[in-house]
Structure formats: C-alpha cells, structure tokens
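In the two complexes below, subunit A is the common chain; its partner is subunit B in one and subunit C in the other.
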Partner chain A sequence: MFYRECGVRHTTYAADRALAVIPFERALLVLLIVLAAAAPWIVTDLFLVSYLTPWLIWTAAVLGLNLLMGWAGQIHLGYGAVMAVGAYTAVHVARAGAPFVVAVAAGGLVAAVIGSLFGLPALRVRGLYLAMSTLALQVIVDWILVQVPAISGGAQATLLVPRPHIFGIPLVTDQARYWTAAVFTLLVALFVANVRRTDVGRALIALREKDYAAAVIGINVFYYKALAFFVSSFIGGMSGAALAFLYYRAVTPEQFGLNVSIMAVAMVIVGGLGSIIGSFFGAGFILLAPIWIEHGLRELAAALSVHISPSTLAHLPLVIYGGLITGFLLLEPLGLAKLYDNVRNYLRVWPFGYTKK
Partner chain B sequence: MTFLAELAINGALVGLMYALVASGIVLVYKSSGVVNLAQGGFVMAGAYLVWAYIARLGLGLIPGILAAAASMGALGWLTERLALRRMIGQPVIMILMLTFGLEVVLRGAVPGALGADTKPMPIPISQAPVWLGDILINRTYILGGAVAVVMVALLAVFFRTRAGIAMRAVSDDHLAAWAVGIPVERTVALSWAVSGAVAAVTGVLWGAVQGVDWSLSLLLIKALSVAVLGGLDSLSGVVLAGLIVGVFESVISGYVDPFVGGGTREVVAAVVIFLTVLIRPYGLFGREVIERV
Partner chain C sequence: MRRWVYWVLVLVLAAGLAAVPALAQQKVITFGFPVDYTRVYVFVAEEWTQGMVDYLTLMNLKGGVGGYTFDWRVVDTGNEPQRGIEAYERFRREGATIFNFISTPVSNAVAPRAMEDGVILLMPFHGRSDAADGQTFPWLFSLGANYWSQATVIVQHILEAEGGNLRGKRIGLVHIDSPFGREPIPVLEELSRRLGFEFQSFAFPSPGTEQSATWAQVRRFRPDWVLLWSAGPSQSVGVREAIRNGFPLDRLVSVIWLDEKDMNIVGAAQARGVKRFEAAVPGREHPVVQEILQKVYQEAGKGFGKIENVGSTYYVVGIASVAPVVEAVRIAVERFGEPVTVDKIRAALEMVSNFDLNGLMPPITITPQDHEGGGMGRISQWDGSRWVPVTDWMSAFRDVVWEMVYKSSAQFRQGQ
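Right, the complex of A and B next:
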C-alpha cells in the first residue's frame, strides 16, 4: 500500500540506480533523519547519552565490518583491536594538540594500516583459517596495547580524552556529542551505501561469491581483498575514535577486547550480512535488547516474588546475549534485515498479494 | 641451565594438558569440519560439574568424574543434535559464531547457576613440588601430563574400534561414508559426545591447576593454537604441537616476562596461530586440502 511501486518509471539509468527507489521510502528516510536530528528534544537526556549515542556510533562500526564480511565475504574476528588502534591513535594525536576532526581521521588512517595486517592472511587462506588468524591478531594487538606504556599509559591505566572541538566549537553538551555521532554515522552509511553501487562494490561481491571465479573474470583478488580490509579498518578506526571521544570519554584496553570483537560480529550477523539497514538494527538490538530483557526479567521475578540470587542476576545479561546470537543463527540466519524485508515485500504488493512473482 | 630445564619440563607438561583441550577440538573437526570455539566453555562446564558432583552431591572422586563426563557427553551430543545439525551447509562464519554464542551462554549460565567465585577442585594432590635433581616440578602438572598422554592414547585406540573406523570414514568423505551404510549423523553426534566427555576430564586437570571459575574458558586460545599447529585433523599432531607450544610459552615467558612486565604467556599462543596460518595453514600433520574449482 504505502510502498507502492506503481507509477515509478525509470527513464534514466541514474534514476534506476537511486538509493531509494520507492517514493514512500524516500519520505521515510527524510522523516527518520528529521527525527534523529530532533531526538534531543524528544527523548530524555539519559536515553540520549546511554542508548542513542552508542547505538549510532556502533552502527558506524558495524557498517565498516559489514563492508568486509557482508560484501567482501572475509571473516574478521579482530575488529575490536582495529577500533582500539583507532581510538588510541586519535586520543594521542588529540592530546598532542590536533583538532578533533584531524585526530579522528588520523585514528582511521593508522587503524587502516594496522588493519591491513589483519588482511595479510586473507591473501593466502580464507574461511576458518582467516577467522583464527584474525582472532590471534586481536590477542596480539591487545597485548601490545597493554604492554607498551607509551600507548596505554601503563598497565591498568585509563587515558582521559581531551574535550573535542569541531571547527573551534567545543562539544561540551550531550546534545552536541549526539549530533556529531549522528552526522558521522550518516556519512558512513551514505559511503557504504554508495560503495555497493560502484564497480568496487560489485568486485567485492564477486569476490565473496567465489574468489577464483572473480579472478577468472578479471578482478584483481589480492588488490580488492586488501582494499576491503583497508577501508573497513579505516571506518572501524574512526568509529573507535568516535566511541572514545563522544561516548566513553576515556580509553582503556578492556573497552576493545576480544569480547567486543565478538559483539561486533554478532551485530553484523543478527542485523543481516550485507545489509545497511540491518547494521542499524543489529547494533541496536545487540546493545539494547540484553539490557531490556534483563530488566523485564527482573521485574517479572519481582512481580512473581521469585527470589533470584545476585550472582545469577549478574550473569543473566551474558546468557541472554549468547542466547540471542545462537537463537538468531538457528532461527533466522539472514538476520533482522530479512525480517524487515519480509514486511516490506508484503506491503509492496498488499492488498494484491497474488501478483507477487 | 637449571632454570631453562625447569621451564622446559614444566612447559612440556602444561603443553600436554593443552593438547588434551585441543584433542576435543580435533575430534569434532575430524568428523564434521566444525571448529568448536565453545571447547573452552565445555572445559569450564566440565570442571564445574565435577566440582558440583563431588563437593555438593557428595559423590566420590571417580564416580564424580564419571558422572560429569557422562553429563558433558550428553551436552556435546545435544549441541550437535539441536544446534550444529541445523547449520549444515551454512557459511563457516555462521557456524563459528554459533559455537561462540554457545561459549557465551555457557560462560554466563554455568557460573551463574553454580557460583562465580573460584573454587578448589576437590582432588587429593599434594601441593608439594617434586624435585628432580635441582629442578622443581609441579605435581599437578605431572599428573596432568600423564593423564593427557593416556587419554590421547585411548583416543588413538578408539579410532581402531568399529565406531572409530566409521568416524575416520566420515572424516574422509560424508557422501562416501553414507554410501557404504555408515550413519553419518550419528557418527558426528558421537564425536561431539566424546569431545564433551574429554572436556570433563580436561576440566578436572585444569580445575586442579588454576581453580574452578569462568577463566577456564580462556583455554580456548591455547587449545586453538595447539590444534592449528598440529593440523586441525591430526590427533598425533596435537601431542607434538602441545609440547612445542607448552615449551615455547614457558621458556619465552620465563625469559621475557621480567623485561616487559608479564603477560607474555597469553600472547605466545596467538603468535603461534598467526605464524602457522601464514606459513603452513594445514599445520604439522594436517591434511592439505586441495581445492578444485
């Protein structure tokens, strides 16, 4: 009904390849962007700071990882380390006096260089072995971060992040930080959405399907694999820096440990491999659902006056989080994006469902 | 020189215990081509169960271990039956993440239900070290190394039994095994069950070494490095790789730790994984898969 396609006729190639073809979807996008811009006046400050801001920044990170896993088809279990490199670089550059934007870009660049190291094994192996070598690199990078005092400020240390300025305007309020995060995520989303439409995007997809076959049709497999790792790590590094500047406001190595890498992959898979809207869904779901489900369970237990021991309660989020990962993989391997797609496809032809091809 | 020998011998014994954890991964990989990233969680769950059966239910040492092995075998079998079998044909990353999800669930559920504080493993081993000349050896390590060798030998014998031969056939080729009448699903499930039981025995040893708590699941990285270095589908490779990783880890951390402030132990295993994958992905004794397009 709403997603009506009738009357949409493409007379140019440009119109055919637009990001949003259906008029209703374009309106929806504009509405969402307006809502996101107005969010500080709509939601409470607590919600804005502790839910919306990390959700948006994590979405940017997941988009970067999705570019690598969803489009180029390379497994990466060390994304947390890449984000850590970005965060630490940006913080050190900013402490040396560089402006915020420069610091974030520097974080992205250094993360991209280190992240390409993660891609080194990808030029030789793939699948299982790539997963294990990225896992190993995560451990190695973590260790270096903790052990080199020049980076982490010594073991168990926390580095305070200098207050960010954008073009001379200090980002002091929660609202300003939120808007910065929102703009950053929007830019990353636009970039990834457009990569999909270019020859690079199509080369990556060919690579994902079968790298030998891609080589046969003239795609330089080495180049595109390295490129995918570089670009994805660049986005990851910038997201790590954004997370440090706009959300944590202090960096410690634990913020980017192995568990964080697993969380990032979980976000990609729960959201849907190779889907942009799925990245938004996945990041939000994995960040927020365990909190809300645990909260609900607590209230349920209180309402039924069932006593749960504090130790059990403390481990509940972990169980819920792991359960969500396994549950999604077993029941809907294509993720939340597939669920959204089902609804969309249904609405596109509603009330004339029989016209579906 | 004594210092080096002490590090090497203790390291070799610890390495054998890593090999035992890794043998669980190898068993499952051999039969189904799945790397079980929840093996660390399995070891932790096994250790918790042994502790619970002995300290809470008051079973004897041997009955407690046997009961835990049976329970873990059932858990492994259920994992295959309910989760992994539905994932056949899915991309590798999906299967890996599924086992990681299981690991997270185990890491939350088991300490959540049985208590998160570190518990002593109730087995009677004296803490007094054994002196071999000037060399000091941890008694638990000796027991652990011996049990590891016996267990791997038992597994090697198992591969000569009827069920074991079926498992080898399945690891060669699912379709061909099917064609000659081997129940492939049941064989794969059996390998998961055996791997679960091995995890319980491993849990006893590691629980005795470092106490029973969630950190037992961190053995995964060590086990992975041993399994990868030995070749993911080679049981004999696991023993040699375990010795290599154990000795390297112990000697390197013994000499380097004073300079970098500790923690080298954790990273040696990761370096081993990375180098193995770069130089010889199929490990020391693993079968090299030749891909035909």
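Right, the complex of A and C next:
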C-alpha cells in the first residue's frame, strides 16, 4: 500500500540512483516541502517561532553530526563547541559589517578548521578514546568563552546578534526567519542525501564498518576521516550560526555547553544513526518532547483537578522523557527512523507480507 | 450513535470560543515565571517563585490593586535558553506582560526579544548587571542591587569595620570561574586603587565542590578579608574551607547567594559569624510576611508551596522582586487611568519612588535613567540560628558602579 514499487522500472542508471525511487515517496516529499513553505499560514505563529524554526535548524545540525557518527562512524562529544565556534565567528564577522550569508559561511569555515583540528586524533584512536579527545574540544571552547570577554561579549558574556539581511532584504518577521531556516535545512538535507550516494559516502561507510578493511580495498583512511570531520564541522558551524541569527538573536556560552553536545548526540542516536529522516525525528523528539510532556501533564492535572506542586510538575516530565527514550531504544535500537522504516516496509508489500524475506 | 460525539465536540468548541472574550474583558495583569526548577538555579527557584506568587495571591485576596488582579504562569525551563524562549513566546501570547526567569543565561537570551516586543523583563540579582541603564534597556529592570553594587556595599562595610582606612590591608575574592564570578573584579580593582588596599582574586573551577587548592593559595596571600562570590552548593564548600583554613568567619563576606540552608549544611553553630550581602529582611516578623501566613496560608489555603519556606532568605527576595511592580500598577491606575497597558506599567515603574514595602526591602527609587533603584543593601551576620543585620541599608561608591554600567551598556549598543 502507498509505497508501491510496481511500475517502477530501472531503465537508466540515473533513475536507479534517484533520491526517491518510489512514486509515493516523491509525492510525499513534494507535499512536505509545500506544507513547509506554507507553514506560516497553516500553523499559529507560536508554533512557527517556538517549535518549527528551532526544530529545523537543529535538524540541520544533527544532519552534520549524523554524517560523522552515522556514516563515518566517528563519535563526537564536542559538537556543541563546534556550533559555538560557528555562531561566535559568524556574529563577530557580521558585527564587523559582513552580510548574513558571508557571516554564516565564515562561521562554517572557521568551525570546520577547528573541528577537523580536534578530529585529527581520530586518525589514531577510536571509540571511547576519540570521545575523550572530542570532549576536550568542548572543554577548551567553554573555557575560552568564559575567559575571553572579547569573544563572548564583555562582562555580561552576551553578544547581541545583528539583524540578518539576505540580498538586502532584512529578515525581521518570524516568517522570514522561518523560511530562511527551512531553506537552509533543506539544502543541508539535500547535501547529506547526495553525499550518501557518492564515492565519498561509500568510502565513509566502508570506514565505519572497519577502517583496516577499508584501507585494504584502497580507501585513504587518513583523508576520509579528516574530510568527514571537516564537512561535519562545517555544517555544525553553519547551523550554530543559523541558530544564533534566526532563533536566539543573542549568543551566550550556555547555548552551546556540554549538555548541548550530549543533546546533539542523543538526537542522532534516538533518531537513528545514518538516517536523514531519523535526524528530523531525533531533533524533534529530543527538542520538543520535554516541552510537550510538560504541557500534557499540566493539562491532565487540570482536567482531573489534581494539585501537583510546581516543583514536582517540573521533575515529572524528566522521568517520563527518560522513560520514553529508553522505551523507544528498547523497542527499536536503531532509532525512530527504523520505526518509520518498519512501517514503510510493511506497507510496501502489503497485503503480501510473506514476500518479505 | 457516533453523531452525538460530534455534537458534544462542537458544543465544547463553541463554549471555548465564547469563553475567550469573557476572559479578555477581565482586568488582569499576567506575570510569566518560567524558572529553573531542575538544573542550576534549583537552590533558589522554588522559594523565590513561591515568594513572588504568594505576594501576588495576597494582593488578589485583598481585592487587587486599583481594580486589577494578578495572574501568573509558572513553568520549568531547566535553565535552557531554548525552553525559556518557548515559554516566553507562549506566555506572551497568553497575555503575560511581565517576566522573571530567575536565570542569567535564559534572561540574557530572551532580552533581545523582550526589548523588541515591548515586554517587561525583571532581572533582580541575575541577568545583565548593566540593565541598570534604563536609557539603553528601557524594558529591562534590575529592581535591586546588581553585583557591582553588592561589591561596593561589601567594601563599604569593610571600610567602616576597619575604622575608615584600608591602606595596606589585603582583600581576597574567592570566586567561581564564570562570568558571574568574575563580575566584581573590575570594581574591586578600582576600589583597591582608590582606597589603597591590596586586592587579589582566586578562582575555583565550576561547579566548585572542590576548593581546597584555591584556599591553599588564599592562605598564602594572608588576606584580612575574603569575599565569597559563588552560588548554590559551592557556597557551603567555601565556608567550610574557610573554617578548615582557620580564617576568621566574621571577616568572610558573601555575595547575596548564601542562606539558611547553606549554613545548616556547614553546621549552623560552626558557621557562626559569616557575613553576607542582604537585599530583603528574612524571617516571619515582618507584617507582610505575617499577612501572607495568615491570609494566604491559613485562611485561603492558597499557598504556592511548602509553608516552611515562608520567610526564608530567597522567599523574601521573591516578594521584594514583585512588590515594586505591584506598586507600579497602582501608580499606573492612579496617574494614567484605565486600561492599564504594559507601556503604562513600564512608565509607572520609572516613577516608583522611595518604595520599601514597610521596611521589608531597602528603599528603591527607579527613574528613566536608573533601573536599578539605588543599589542599596545591607550586611547581615549568621548568629548560629538566624541572620542578624550588622549595618543599615546603604549604598556606596555609586560612581564606580555607574562607570561599569555605562561601559557595559555602550558595548551592548555597539551590537544593536
């Protein structure tokens, strides 16, 4: 049902390697893009500002981290710091008078250089050891932000973000910011989806499975690991800048602390390693679930007219949220993307389920 | 069978729509308190919020102010700017016009939005210290001594205790290594130039549960006085280290963040003598606190939290941080008439003059230039069971504070 493959004939290589092969999925993609473009007229502006915009930008960031963790198989516990480097660079460049697009690109570039510098240990160490060396990036960046007021913005450690302009059009309304975020995320998603089906993507996957074996079949492990760190940090830096310009409007060190790095890793794992749609799910779940669980509990308590003390009401969502993460990963260790995939696979052959292997 | 379900739904929806304008017509002023109940500001959030809400409840029970009653929205932000912004955007659409986040990172992250949207953001004892500059930050209100003012008040106390001469004395600052911990340093450096004392700062890394290495350095410096500049669990660690190093506790003065709980962690009797900056009168003797106990807790049973919290250090800080706003609403009704809008409340806040809530807090006078209100406070001392004031309400070295404020707010304006 829906995801039907009948009538899909791979007559050319190009058709075979298209991003979406199944007609239904193509239609779904178009529908989602149309819905995303029309969102300002569909949803309330609260929804647009508080949920959609940060969710989309975070998805872009998670896509960058997923490229590194999901495809190249390298753990990164300092992704928040990478985003911080991007955000602070972009804001300083913009305050010096550069246009928004240039500032974001500069943020991405500086983050990429610093990020790949700290990725160099990945050439020698793996797993937990790499986790430690990327954690060092986080600690160093946090320390610098706290110690150097010239970077973090004076005694108050808050930098106001200049108003972004795109080709002379100021992005003042919430809608303009949302659309910019949506286009940015779409571009990043397209980029990552395309990386997957190039020789680079295949080399990264080979690396992830076993780097010795990859070296044996002729992949330059050194080059591709460094490349993965560079590209991932570039996306991370740009996402950090986008977050600063389109969402936060002021940068403070706490916006990119260690807990943010852990959150990013959680988004990748809960969403699904190496999955694009999983990045959307993961970012949405980790970002919005605590807020909505809190709302739900509040409504429930009000409906049942049960009095819950505000402190308990604050802690209860954390318990449920933790339970949900554990539950989802127990149900499907490969993340939310795999849950979606299960449904899709079921529907693809429905009602002939026995044709599945 | 199913059809009646739809009818019920339609009816509920219609009732809901009908209820909306009815609510809008009520004369209500809504506060937003998205605070951090779960991460960093846990040590203060519960009592502070309880103080604010209980005071507003008391006002409502007394019939409101000028015909206006108060409503509030409380939610946890987990100290995450992202969640703070979400709560801000939501509450603002639900009609909240006055916010207090009790969290520096969240307040600072929301500040640009509040200034664009025209929403009053209260930053007492947290947030931007330069919010005192009302010309640069028309929508931000400190409503209490910022950290620079607290440093000057503490030095003034030391100056008086030393008989008016600090030449040759040594003052150390033991602080957490964060922007907050570093904030008093330029003020203390300037005062050391002026008064001739020797100043040195000693940082300990966050979260500050381990300070023995730092205190070994402090000992080598042989300070006459030590300022304690941190918050939360690290404070009791600092006091304990002072005791362990044999430092006389009556020469240990803390920033505002030191309360009864910290003293009990150290050991109430062992901590005797510790001093701190105080911004409101703790305890249950004050008539306002008595009234809250009686009317809100005993008669109405509408207390927002545990009754044991009533009158604690941070509870009265909570009262002191909304009382000027309630006063402003009274002024707004009186001077500008109804309907009271957020613009009128903002303008009225700048007219609050010599307001001290019958002595619960130092008198504050807010003007369009000064959103801090005078930067007054006093020093109190732990006597083993409670905090006893050792000075009157005072402010000192205002020129030093204002120099800092203007320097910082000029930096902010550059980015606008």
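By definition in this document, the second predicted complex is superposed on the first by the 331 of 357 C-alpha atoms of A that agree within 3 Å, B and C clash if a C-alpha of one lies under 4 Å from a C-alpha of the other, contacts with A are read in each partner's own complex, and residues count from 1 in each chain.
Note that contacts are C-beta pairs under 8 Å (C-beta built on N, C-alpha and C of every residue); 3 or more make two chains touch, one makes a residue touch a chain.
Computed from a predicted model, the values in this text were never measured in an experiment.
In the superposition on chain A, contact of A:R249 is made with subunit C only, not with subunit B. In the superposition on chain A, A:I205 makes contact with neither subunit B nor subunit C.
Of the two partner chains placed by the overlay, subunit B and subunit C both lie in contact with A:A314.
By the touch criterion defined above, A:A226 lies against neither subunit B nor subunit C after alignment on the C-alpha atoms of chain A.
By the touch criterion defined above, A:L339 lies against neither subunit B nor subunit C after alignment on the C-alpha atoms of chain A. Of the two partner chains, subunit B is the only one that A:I140 touches; subunit C does not reach it.
When the two structures are aligned on the shared chain, A:A266 is found in touch with subunit B, with no touch to subunit C.
Of the two partner chains placed by superposition, only subunit B is touched by A:M132; subunit C is not. In the superposition on chain A, A:A98 contacts neither subunit B nor subunit C. In the superposition on chain A, the residues of subunit A contacted by subunit B and by subunit C overlap at 146, 155, 311, 314-315, 317-318.
Put simply, subunit C touches subunit A in their complex at residues 37-38, 46, 49, 74-76, 78-83, 85-86, 89-90, 93, 105, 108-109, 111-113, 128-130, 177-179, 182-183, 186, 304-305, 404, 408, 411-412, 414-416. For subunit B in complex with subunit A, the residues that touch the partner chain are 35, 83, 86-87, 90, 92-94, 96-98, 100-109, 111-113, 115-116, 221, 224-225, 228, 260-261, 263, 266-267, 269-274, 277-278, 281, 293.
For subunit A in complex with subunit B, the touching residues are 69, 75, 77, 120-121, 124-125, 127-133, 135-140, 143, 146-147, 155, 210, 212-213, 262, 265-266, 269, 311-312, 314-326, 329-330, 333. In the complex of the two chains, the subunit A residues touching subunit C come out as 45-46, 49-51, 54, 95, 146, 149, 152-162, 247-250, 252-255, 259, 287, 290-291, 294, 309-311, 313-315, 317-318.
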